[in-house]
Amino acid sequence: MTGALALSDNETPFGVGAALRWAVVRDLRLALRSRAELGVQLLFYVIVVSLFPLASSPDRTLLATMGPGVIWVAALLASLLSLPRLFASDFTDGTLEQIALSPFPLPALVSGKILAHWLTTGLPIVVLAPMLGLQYGLDAEISGIVMLALLIGTPILSLLGAIGAALTLGVRGGGSLLALLVLPLYVPVLIFGAGAADAVRAGLSVSAHLSLLTSGLLIALVGAPLATATAVRIALD
Amino acid sequence: MLEAQALTARRGAATLFAGLAFRVDAGRALFITGTNGTGKTTLLRILAGLTMPAEGSVRWRGDAIAPFSPRLREDVVFIGHAPALKDELTAEENLRSLVELSATHPTDADVEAALTAVALGAQRTLPARVLSQGQRRRIGLARLGFSRRPLWLLDEPATALDAAGLVLLSQMIAQQLATGGTVVAATHQTLDVPAERVATLTLS
Amino acid sequence: MNFYQFSSPATFYSFAGRIAPWFAAAAAVLAIVGLWIGFAVAPTDFQQGEAYRIIFIHVAAAWMSMFIYLVMAFWGMLALAFNTRLSAMMAQALAPTGALMTFIALWTGALWGRPTWGTYWAWDARMTSELILLFLYFGIMALRSAIDDPRRADRACALLTIVGAVNIPIIYFSVQWWNTLHQGASVSLSAAPKMASIMLLGMLVMTFAAWFYTIAVALWRVRAIILERERGSGWISGMQGIAA
C-alpha cells in the first residue's frame, strides 16, 4: 500500500509500555472521578474487620490470634466486591470492544487496568491494615508482616480476580458467580499470606511464606493477563 | 481489498444469513441495508474479527481473518453501536483516549481542531454524561478524522446525526474512498457519496 | 481409523450410542465384583474393624474426581485451540459426573474418618483440596448455565477449567504446608493403613468400575447435549424415533 496508509509521523509503535501507560492513566483518571465508589469499598473492608470481635469475644489473646486472618479475609471480600468494576462499565459502553480491537497487545492493556485496579483497591487495603491491626492488639512486628504480606498478596488478588471478572462479563448472577469462581483461586494466597503472621507469632521465619507469595505473584503476573485477555475476547464474541 | 466467501452466521438456532459473498476493492464502499435483526451488526463484527462466522471466511488484503488478528487490528477502525465514551471523561479526554488507543499521538491542537470541525468546540470540556446522543456520535466522527487506517467498519454511523452531521459523515467517507481506503457501513440513510464507488448489500 | 470423522457430532452421536452400553455393562460387572471383594472377601482390618470398608468406594471416587477434572481440562484445551464443538460438549458432559464423584469422595471420606479418627472433618490437604475441587466443579457448571450463548459458554468454561487445573496442585501444596506448620492441631488423614493385596485389588476393581461408569454416563449425556445443540441440523430429523 502507499505511504499515505503506512505508519504516519505521530503514530507510535504498538508497544507494551505504551499500552500499559494508556490503560493505567485512563483507569486511574476514571477511578479518581468516582471517588465515592472507592470510598465505599474501603469502608466495607473496615467495617467487616471491626465486626468480628463483636461476634466472638474481646479476649485479647484470641483477638491477637484472629487478627491477621480476619484482616486477610476482609481484604479478600473487599477485593471481590471491587472486581466487577474492572470491566463492567467498559463492557456496557462499548469501550471494551475498542480496547480489544486496538493494535496494542491486549494482555498489556489488561495489565494496565489491573494495575490501576490494585492501586485504587489493594494499595489502600495495605495502607489501612496497621490501623485495623490496632483493633486486634497486633504489635508492630506482626502488623508489619501483615502489611508486607498484603503488599505482595493484594496484587495477586487483583490479577486472579480479573480472570473471573472477565469470564463473568454481562452474565446473569454476576457478583455471586464471580465470588464462586474466584474464591477457590484465592485460597493459596490466603494461606500463605495470613500464615506469615502466624509464623511470626510462633517465632518461626517468615521467609518461606513470603517467598512462596512472591513466586505466586510472579506466576500470576505472567499468566493472569494472558488468561484475562482470552476471557475478554470470549466475552466479546 | 476485503473479500468474503460463503459467510454464514447463526444466533442460537436461527440462521441470520447464509452463503454471503462479496468483494470490496480499495477506494470503494459497501453499504449494508436491511431491517433490524437481519444480522448487519453481526456481519460487521465478523469483518472486524470480533466474532467468527459459523461457516465461510473473510480475507483482508489476501490474508484470512482470524479473530482479533493483529494485522486487522492495525488496519481497521470499527465504530459499533455504542459510541464507546466514558461518561466521566470530557469530550476532549474521550477523543484523545480513543485516538491514543489506536496508537496515534494527537497534539492538543489536533484534538481541539477535530472537535471544532464536528461543531463540538464549545463543548469540549464538558463530561460526556451531559452531551446529547447526537453530540456523542459526533465525537465518534471526530475520531474518524484522525484515522489513517485503510478499512473503516461503521455500524449505523448516521444514527442521531442532524443534517450538518450527515454532510460531515459523507465528506469523511468520500475522503477515505478518495485516498484508497475501504468503507463498509451498515446504514438506513442514503449518504452523499459518489455512487460509482458504492455497492449495496441487502440482508433479509 | 480416521479420528477426524469423530469430530463431527453427527458421527459421534451414533458411535457413542453403540459403545456406551458396553461400558455400562462392564461397569456394572466390575462394581459387583469390587463390592463383593470389599465387603465380603477382604479381611477385617486389625485396627479399624469393619468401618474401613468404605475406603473401597472412597478411593475410587476420589481418583475419578481428579481424573475427570484433568480430562475436562484436556478437552477444554482442545476446544480453545481448535474451536471444535465436540471437545467442548465432552467437557460439558463430564462435569456433573466429576462433581458427583467429588461429592461421594467427600462424604465417604467423612464417614471413614469418624469411626477411625473420631472426627468427620479434618482440615488436611487432601480433604480440603477435594472440597475446593467440588467448588471448582460447581463454578464450571454455574458458569455454563449462566451464559446463554453455547459457544461462549464452551470457551469460557474451557478457560475456567484450565485455570482451575493449574490451581488445584497449588492449593493442595499450600494446604499441606499449612498443616505441617500446625502439626498436632489436626489429624493427618494421609497416613493410609497397611493394605493387604486383596484390599488393593478391590480398590483397583472399584476404580475401573467408576471409570467405566463415567465413560458410559458421559457418552449418554453427550448424546443428549448433541441433540439439544444440533437441533437445527438436518441429520437429526432424519433419524428414527425423532419427531421432525
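All chains are identified by letter, namely A, B and C, in their written order; residue positions are counted from 1 within each chain.
Methods note: a contact is a pair of C-beta atoms (placed from the backbone, for glycine too) under 8 Å apart; a residue touches a chain by one contact, two chains touch by 3 or more.
Given the structure is predicted, the values throughout are model-derived calculations rather than measurements.
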TODO: Work out which chains are contact partners of both chain B and chain C.
DONE: A
- [ ] Name the chain with the Cα centroid closest to the overall protein Cα centroid.
- [x] A
Task: Farthest chain (mean CA position) relative to chain C - done: B
- [ ] Would you mind pulling out the distance in Å between where the CA atoms of chain B average out and where those of chain C do?
- [x] 48
Open item on the list: Suppose each chain is reduced to the average of its Cα coordinates; what separation in Å results between chain A and chain B?
Closed with: 35
- [ ] Averaged over CA atoms, how far is the centre of chain A from the centre of chain C? Could you give it in whole Å?
- [x] 32
Open item on the list: Going by the contact rule already set, what residues in chain C reach two or more other chains?
Closed with: 149
Open item on the list: Which positions in chain A are in touch with at least two other chains?
Closed with: 237
- [ ] Find every residue in chain B that makes contact with two or more other chains and list them.
- [x] 52
- [ ] Report the residues of chain C in contact with chain A in the complex, numbered from low to high.
- [x] 80, 132, 135-136, 138-139, 142-143, 146-147, 149, 151-152, 155-156, 159-160, 162-164, 166-167, 170-171, 173-175, 177-178, 181
TODO: Show which residues of chain A lie in contact with chain C when the two form their complex.
DONE: 163, 167-168, 171-173, 177, 180-181, 183-185, 187-188, 191-192, 195, 198-199, 202, 204, 212, 216, 223, 227, 230-231, 234-235, 237
Task: Residue numbers on chain A that touch chain B, as the complex places them - done: 1-2, 4-5, 8, 10-14, 18, 22, 26, 29-30, 33-34, 89, 92-95, 97-104, 106, 233, 236-237
Task: Residue numbers on chain B that touch chain A, as the complex places them - done: 48-52, 67-68, 70, 73-74, 76, 78, 80-89, 93, 97-98, 100-107, 148-150, 179-181
